[in-house]
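Next come two complexes built around chain A: one with chain B, the other with chain C.
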Partner chain A sequence: MLDRAMAAISGTGHRVVNGVWRFGFACRFFLAVLLHSGISFRRFSLTIKEIYFSGVLSLIIILVSGLFVGLVLGLQGYETLQKYGSESALGTLVALSLVRELGPVMSALLFASRAGSAITAEIGLMKATEQISAMEMMAVDPIARVVAPRFWAGVISMPLLAAMFSAIGVFGGYLVGVVMIGVDEGQFWSQMQSAVDFRLDVMNGVIKSCVFGVAVTAIALFEGYDAPPTAEGVSHATTRTVVTSSLAVLALDFLLTAFMFRGI
Partner chain B sequence: MERTTLDLWVGLFVVAGLAAVLVLAMKVGNLSTFNMSESYNLQAEFDNIGGLKSRSPVKSAGVVVGRVTAITFDNKTFRARVSMVIDKRYQFPKDTFAKILTAGLLGEQYVGLDPGGDDQVLKGGDQVAKTQSAVVLENLISSFLYSKASEGDAKK
Partner chain C sequence: MPSENLVEISDLNFTYDVRPVLQGINMQIPRGKVVAIMGLSGCGKTTLLRLIGGQLKPSQGAVKVAGQSVHELNREDLYNMRRRMGMLFQFGALFTDMSVFDNVAFQMREHTDLPESLIRDLVLLKLEAVGLRGAHDLMPNSLSGGMARRVALARAIALDPMLMMYDEPFAGLDTISLGVIGNLIRHLNNALGATSIVVTHDVQESMKIVDYIYFMSGGQIIAQGSPDELRALDSGFVHQFVHGEIDGPMPFHYPGTKYAEDLALETAHA
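Let's turn to the complex of A and B:
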């Protein structure tokens, strides 16, 4: 009985220490990526290749989901707004919810599952097949050559993807609201334009998506780099990437929203 | 270094992303409709500002001519001091009248400027002398009740 209690306590302590240790390693890893990112700008073709893989290839999922989110927002928003006779505020509703929240958050979640998991699997497999050790053997720094370009590619692609998500979402809201249901087109756009502020709403959305880009790619890279070099280890790391970065995005979104839109 | 088809796709991607930001700025946001490059400051004191907030619009004849930048409470006069920035293109006479109005029945509140007839115009840092406070519903109802009650007294 006592033995079992002791084992439980020491197991918990072990897990806590391990978690803190891992977190410290993650911070050092993140710092190393930032310090070794010179090469990803000097040899920009490396970064461009990664932008292609994580940004361009995520376009389809981002655009299609953005369109559908906009369509649903248009339908649901109209349902509620017409009860109060203010269908003309549909444009405002669709644009503000997309630009402030749904655009950055949804595209970051999609990016985490589409590109983040791919990054983790790729780097984990590179480690499992000892490509990373081989690079170190050849005096090539794997952080500078493999990790940093992927990091900057993610940070560059994320705000662009979020902007496209919001833009196509607004178009989806327009399709449902104006083309399908018949809300007045002039009111739809003019109310939207008078309510959405460029600096306060659009730029804050862009800042949010930059932060999410940093968080998602840093988590994905670290999970890949830290994965046990086995098939099972890589598969667990991929799962952890999606779970951790989704939670990180949602938590960061709350913090950023609290800072940006408080008391205005 | 050579150009590859990859560069084309990445270029297209970045251009599309920037175009989306531009669409958000011009079509969705109000960057195009109200962009103050040159502006000057005006002050006004109100007895009651109601629901006016900083960044509320300042309108004259229904056209947005500026924005409220700050609202403070003056502890000497016990009135609200509203600072506004007005677009330099628009000049108002010295005896302009500043009111706090409401857009629609439940809409946002804004500052309305009614130009007077003075030859001199307001310059940066000037104070608008004549102001009218926001209409507070409770005061409106109580004054209505008072007038009803006094009507009733007069009939007796």
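Let's turn to the complex of A and C:
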């Protein structure tokens, strides 16, 4: 009995120490990425290539999801607003929901699932097949050459994807509200224009998506770089990327919303 | 005047966590020679190679390459040193998102300001040396194991290194590729005026091409000599290893309880 208790305490302590050690390693890794980011801008073609892989190739899933979210928002919004005779505010509801929350959050979650998992798997497999070691032995820093361009590509792609998600979502809301249900088109757009503030709503949404871009890409890169060089290790790292970055996005969203819109 | 030995390892110990991997290694690799480090899997050969390349730091002792203590170099000096080293990894480690041409051109583009036209000529020269000039447009996933190894070799010699390191260059190759890689190691070493370290457990192929052999077991050097001297040994671990005998100082059976005990035969008869 005592042995089991001791083993449990020892196991817990071991996990805590490992967690702290891993967190420290992650911070050092992130710092190294920032310090070695020069090449990502000096040789911007490296970053452009990664923007294509993580940003452009995520466009389809972002646009399709954004359209459906906009369609659903239009339907649900109309159902609720018509009870109070405020159908004309449908445009405002759709736009604010998308620009403030759904655009940055949903696109970050989709980005984590599509691009984040791909980044982790790619870096993990590069490590497992000794490509990272080979690069080091060729006197080329893999943090600067492989990791940093992917990081900045993610950070640049994320707000662009979120903007496209919101734009197509607003179009979805327009299709349902104006084209299908018959809400007045002039009121739909004019109320939206007067209610959505560029600095308070749009810019805060952009800031959110930039922060999510940093979080998701940094987590994906770290998990890949830290993955044990085995099939199982890469598979676990990929799963961890999606789970950790999704939770990070949701938690950061709460914090950012609290600061931005409630002024805590 | 440069030292006669390009690599000098003295009293080298390396411990992974608490497990000793290398103990008291002393080794000299003379300039211009091809030296093999042999031993069973897990005896510390690849670790030794990583210590020479500066990817690991010794727990004790020193590794000197061209007179410089590798683990005492700062990052910039270590990278400068590595530019004069080439390493062939066990399965090539080619960059899978680049063509054969781009793989070989990688170091030239990263470390030199050569014009693209000159890089093209140099890459084709290196590929010609390993017999794969015609494959320069292929992607790594279109190559056989032997071809990938040859492309990796062309990439490793891209900047004409002074020291070439080969990590299990013969692993998983057919007999023809085995001979091709063996010949390339020897001929490229002579042509480049380089020094080569071959970590392998392929006795027959490596004995044909190397000048000197270190035998390792349990993280220590247990024998050394020319291929002929080691072939002449008629007993012990080296004899068993060189002649591929199943049983000997390295037993076939993993240590355990008596077989009869495991089958509960002795209890049944009692």
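Just so we're on the same page, the second predicted complex is superposed on the first by the 262 of 264 C-alpha atoms of A that agree within 3 Å, B and C clash if a C-alpha of one lies under 4 Å from a C-alpha of the other, contacts with A are read in each partner's own complex, and residues count from 1 in each chain.
Convention: a residue touches a chain if its C-beta (ideal position, glycine included) is under 8 Å from a C-beta of that chain, and two chains touch if they have at least 3 such contacts.
As the structure is a computational prediction, the values presented were derived from the model and not from experiment.
**Student:** Please determine, from the superposition on chain A, whether chain B and chain C clash or fit.
**Tutor:** fit
**Student:** Name the chain, either chain B or chain C, that contacts more residues of chain A.
**Tutor:** B
**Student:** Anyone got the angle at chain A's C-alpha centre between chain B and chain C, nearest 10 degrees?
**Tutor:** 150
**Student:** Just how close are chain B and chain C at their nearest CA atoms in the overlay, in Å?
**Tutor:** Nearest C-alpha atoms of the two chains are 9 Å apart.
**Student:** Could you please specify the touching residues of chain A with respect to chain B in the complex?
**Tutor:** Of all residues in chain A, those touching chain B are 45, 48-49, 51-52, 55-56, 59, 95, 99, 156-157, 159-161, 163-164, 166-168, 170, 189, 192-194, 196-198, 200-202, 205-206, 264.
**Student:** Taking the touch rule as given, give the residues of chain B at its contact with chain A in the complex, in rising order.
**Tutor:** 1, 6-7, 9-10, 12-14, 16-21, 23-25, 27-33, 53, 55
**Student:** Quick one: in the complex, what on chain C touches chain A?
**Tutor:** 53, 55, 79-80, 82-83, 85, 87, 89-91, 93-96, 106-107, 110-111
**Student:** Once bound in the complex, which stretches of chain A touch chain C?
**Tutor:** 129-131, 133-134, 136-141, 145
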